[in-house]
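Note that the chains are named A, B, C and D in the order they appear, and that numbering of residues resets to 1 at the start of each chain.
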C-alpha cells in the first residue's frame, strides 16, 4: 500500500502527472500553528519547472489551494488538504509510451505492478511532479520547526562530478545556510555553480543528462530525537528520501567514508561547552548516534541519478507487441533534476524531523 | 514509538543486552509455512559472538525458543514469539557507564531520550545484541522466500579499506552466492578475506577498531514489488538497514557513483531475453526503477562504521557530575563488527522483501 | 491522530462543513477495478440532504469529482482522491456558536481538544457532512464487493421507538434487501415507514428530534474473514461505525439479548447443507464466531441518537465569557438523522469488509 | 494481520492456550513510569481461573515474568515484554476437536482462515486465555492513569437476566467503585451477586452456561480526549472491547435506549459548576460528545454471550470427514465467563484511554 507516511504528522499524497491534480492530506498537525501560505507558495516556486534554461520547459504555475484544516490563519488540528491543479499538460507527447517502456524509469516495473492499469502519461503517479505535494508538506513542517528554533538547509554538493565545498560538519555558519534558499541555483560558491550550469547545458546539447549529490544540514535539533528499532532518525530520513524519485544513495555524517576509518578517528569525542551543552570535537556521525540526535548538526547526503528521460534513441521493450524496440523520448525534460531536488530534500527532511519532534513531546513531563 | 515494522510480516523486537532476554514477535505470517528451526539456529550461529579471535569474547550460545505461532512444524498464522535468553553477562563491566557516555555510542542521546531511565548496561536496548532477533525474523523470511525461488546473499565488500571484488551487477553466479553462508568470514576471495582478518587483528592490537562495507544481492525477485510514495523498495530496505546499529550509508545499484554518470550511461536499456523475460543490458539501478523491482538482481551496499567501543582512553562527558572526563571502555568488544553484520543485513533484507511480496499477493487475480 | 483507517483499503477523509470542500483519499485499491462513478453519485444522493420534509433544508448537490487514481474507467492502483465542494453554506447562522457550546454536540469537547482553533461553523470537521466522503468510500467498496458476490444492505429498524420487522437472521431474501436502496425511506414495511415519518414530523413540530436503530445485513461473505486480537470483524466494524456521528451503540447477531440467553440456546449448531456448505441452524452470533466470519449472513444493529440540534432553547456554557447561558440553535437541521444514516452505515461496513477481504487474499495459495 | 493495537502504547499479544506461553510486548511506554509488579500480579489473579466453583477448574498460577523494558522499578521507555508460561494443560482433552467444530466458538471460522494450520487445542490463539496478557497491559495502563488521577472501574450489571443496580451516570461515588476490585464477585449489591452465583451454579448443573452485561465507568478523564474520524473514544474502546472473546455488544451512555429518546431529553445540557468546571445536568452521552471526552464520567456497557463450551451434546460438523456429527465438549470450562471478564474490560479500557491520553500530550504547549 502506498500513499501514507508519518507517525504524528502523517502525509498522504495523491495525483498523476497528467491527471486533474496532485495534492496531499496531512493528518496530525497540532491546532493553532500559524501558517504563512505565501511561504508555502515560495517553497513550491523553488521547485517549480520552467524557470531557467537548465530545466524542463513545462510551465506549471503550481498554485496551491488549501481545502481544509486551515482557519483564521492557523491549522485547526484536523486534516489539512492542499491541491495543485495540473495545467500545462501535453499528453499527446506520451501516447507511444503506453507500450514502449522508458529505460531508467518506473514504466516497466509499474506496468507489471499495476497490471497495465496505471496512468502512464508522464510517468503518472511516479512522476517527479509528485514532489510538489512533498514540498507543501515540508513548507508546513519548516514553519513548525522554525517556531522551535530548528532550520533545515540543503545545497548542491556536486553535479556531473563537479563539486563545491561541503558544509562544515561542525556547523556551517547559519547566515551561509540561510542565504541558499534565495538562490535559483543552490550553491555556496557561485563559481562552482556556474561550472555546474555549464555542464548541464553541455549535457543537454548532447541529448544527455546529469546527476549529482545534495547535501543537507539541520541546525537547532535537540538531543534525543528518534527511536531505536525501527525508527532511528537515519531510518526515517532515508525512508522518506528514497521515496523521492531518482535518489539512489543516502549517507549520514562521514557516511561511506566511515567504512575506511578506524574507531579512534571515527568516534566523536564529547565535551561540555561553555554553556554547559554537550558537543563533539568532530561530527563523523552526522549528529546521530544510536539512531538518535545527539545535539550536533544533522548532516546527510543524497545521491541523485541523472534524469532518465534523454532525447537519444535507446533500446527497450514494447510490452504490447512483446518485442524489442527502439525508443526516442520526446517531450520536455530536465537535463538535470538536482537543482530542483534541493527544496524537495529539505522538505522531506523537515517533515520527518517534525514528526519525530512530535513523538518526543508525548514523553515530556507536563 | 519504537519496536515495530512491517506491513504484512510485522516484527516487534524487545530486550536489553543485560536484561533477561532478547526476542521478537512476528505478526502476519501466513499459516502453513514450514519452518526449519535448525536453520533459524544456524543463522543465529552465523551472527553469534565468540567464534573467532576477530570477535568479542562474550559467549552466548543464543539458543532460540519459539513460544507461540508454531505448531506441527509450520507457522499457525497467529503471532510467533521467539526468545533468546541472555546468559554470559558481565554486568559489572558497565557500572561506570551510567554516568560516562561512550563516544560514538547511543549512550548520551539515549540518556536524554529516556530521561535517564534506560538500561545502560551494555548499551541496553541499543546493543548490537538486538540484531539476534532480527536474524530470527530473517531466517523465517528466508525460508518463505526460498519457497518462491528467491535467495538473499551478502558478503564483506571491504574492511578498513581492504576490498574484495564486488558482485557482478548483472547477477553473481548463484553457486558463488550460496557458498558464502557456510564461510565463517563471508568473502568470495579468501585471500582478500585473510588480509581483512589481519587488518582487524592489527587494529585490535592497537586498541582500535575497523568498519567496512557489506554488499548484498537478491536473486529471483519478480518484477513489480514495491510501492511509490512512500514504500519504494529502496525506502523499506534503507529504513530497516539503518535500524541496524553502526550502519551509516546505504546505496542501491551504482549508488553514489550514479551521481557522476550521464543518463545515457546510467539508464539500463532493456530487452526481451530468449525466454521472453525482460532484462537490462546493465544494472546501474540495482534492480530497482521507480522504486519497484524490475526483474534484475537487486543489489545494494551498506556502510558500517568502526565499532565505537575501543580500549583507548577517550574524552567524554560525565552526565551525573556534569563535567568533562576521560573514559577507558573495558569489557569485551568486537574490533570489527562487519563480519557479524553480514547475516544481519541478509536477514533484514529478506524480511522486508517478503513483506513486500505479501503486499503484492493481495492484488493477484485469483 | 485522526483522519485515516484501513489496513489495505485505507481511507483518509478531510474537510469542514463550511470550508471549501470535503473529500477523501483512498490508498491501496487494487488496479483495474472498474468503477461506475454514476453509482458513486447515486449513493451520495441517497445520503444527500434537502430531499424531503423530514430532512434539513440545506441543499447540497454533492457532486463528487475524482482527482486521481482513476483512468480509463478503472482504478489505477494509486491513491484515489475525490472531492465534494461545499456550496450552500449559510455561515452566518453559526457566529454565536464560537462561544456557546451546543449540548449533545462535539462543540465543547472539540473546543478543548483543538485549543479553540477548530472551525466551529456547522460543527466543522465534526459535522455529519463528513459522512459524504464515507459514502464515496463505501460506493467504491460496494462495487469491489459486488464483483465477489457480496452485497451490503441496511434498513431503518426503528425511529423514536416505532419499529418495523427485523431482517431474518438466517438470511433476509435478497430481493427484499435489493429493493431497499431505491426507497427514499429505507424500510421493508412501508406502513411502518409512514408511521416513522409522521413521528419525525411531529417531533419537528415540537422543536424536537428523534433517534433510531439501523440494522444491516451482508450476504455472500466467505467464511474466515477477520483476525483475532485486535482485528475481529466486530472490532473493525464497530470502530468504523462509532466514527459515524451520533452512533452510540453497536451489537452483532442477537447482541445485548445474548446476555440473557443460555449457552444451549445461544450457540449456533452447525451442519453441512445440501451443497456441502457449512451452515448454522440459528444465527445468534450474527455470522461471526471468534471474531471471524463463519459463512452465515453478517447481521448487526447500530443505535443512532436523536439529532442534538433542536430549535428549543437549552442551557449551556459560554466558553468566551466563561459563564452559563441559554442557547437557541437556529439554522437548518434534520429532525431525525436516521434515514440518512442508512447509506452511511452500509458504506462504512462495505469499506471495512472489503479491507478484510483484501487481507485474506494475501494468504491464498497462488 | 492480527496481534497489534495502539497509537502510542501499542500492545502485541501472542500465545496459544496449550502452547508454551502467552504474553505481550508493549511499545511506546514513557520512560520512568514506576511499575508495581505486585499490582500487575493482583490484577492477573482477579482474572485467573480456579478460584471458585463458578469458574473453570483449570488452575493456572499465571505468574507474569517481565523480560525487558523494566529497570530499577520503572519502565525504560523501550519495549516491555511480559510472559506467562502455561502449566496446567490437559491437551488430551482436545484431540477430537481438530475435526469436530465446537458451536459458538472460533473453531470453524479459524479452520478456514488458517487453512487447518491453527493450534486447535483449547481454542489456541482464540482462547480466553489470551485475555491474561490484556490484563497485564491494563495493569500497566492503570498505574499510568492513576498518576494522572484517572480510575477505571467495572462491575457485573447482569448475569442470565439477573440485574444489579447500574452505576449512577452522573458519577458513582468513588468509594463504591474502589471497593469493587477487592471482591471476588464484582457487584455493588452482594444480594444481587448471590442470586447471580446461584443462577450460574444452576446453569452448570443443567450442563448449560450464562452470559451477562459488564458496565464500566472511568472517573477523572480530562475533556478533549479522542479524535474525529476515525479515532473517537467510542471507536477505540469498542475496537478493543470487541477483541475480547464473547463480547457481542457495546454501548455508551444511554446507548440503545437513546434510539427511543427525543433530542430535548437526550441532550446533556451544560453548566459551569462551582469550581468553574464544565458539567452536564444529565449524562446520556456517557461522557462522550463528538467522539471526545467532555469531562463527565465515561460510561459504557458490554454484552457478553454465554460460554459456548457446554457439556451438552450439540450438532456440528466434522471438517475432516466432511460430515455432520454430534459433539460433547468435555474438559474444564467456566459456566459463566462474565465475572472473569470484569478485569479484562477494565484493562482494555485503561489501555485505550492511556493511549489516547498520550496522543493528547503531543499537542500540549510546553
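To be clear about the criterion, a contact is a pair of C-beta atoms (placed from the backbone, for glycine too) under 8 Å apart; a residue touches a chain by one contact, two chains touch by 3 or more.
Worth saying up front: this structure is predicted, and the values here are computed from it rather than measured.
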Between A-B and B-D, flag the pair that has more C-beta pairs in contact. A-B
If you take the mean of the Cα atoms for each chain, which one ends up farthest from chain D? A
Taking each chain's centre as the mean of its CA atoms, chain A sits from chain B at a distance in Å of 26
Averaging C-alpha coordinates per chain, one finds the centres of chain B and chain C separated by a number of Å equal to 46
Centroid of chain B to centroid of chain D, CA atoms only: how many Å? 39
For chain D, jot down the residues that touch at least 2 other chains. 1-4, 8, 13, 31, 77-78, 113, 115, 125, 228, 359, 363
Residue ranges of chain B in contact with chain D within the complex: 1-4, 8, 10, 12-16, 19-23, 25, 27-28, 31-32, 65-69, 71-72, 74-81, 83, 113-119, 124-125
Interface with chain B, chain C side, in the complex: residues 8, 30-31, 77-78, 228, 358-359, 361-364, 366
Which positions of chain B touch chain A when the two form their complex? 1-5, 7, 11, 13, 101, 103-110, 112-113, 115, 123, 125-126, 130, 158, 160-161, 203, 207-213, 222-232, 234-236, 238-240, 242-243, 245, 247-256, 258-272, 276, 278, 280-281, 284-286, 288-295, 303-310, 312, 314-317, 322-324, 359-360, 363, 365
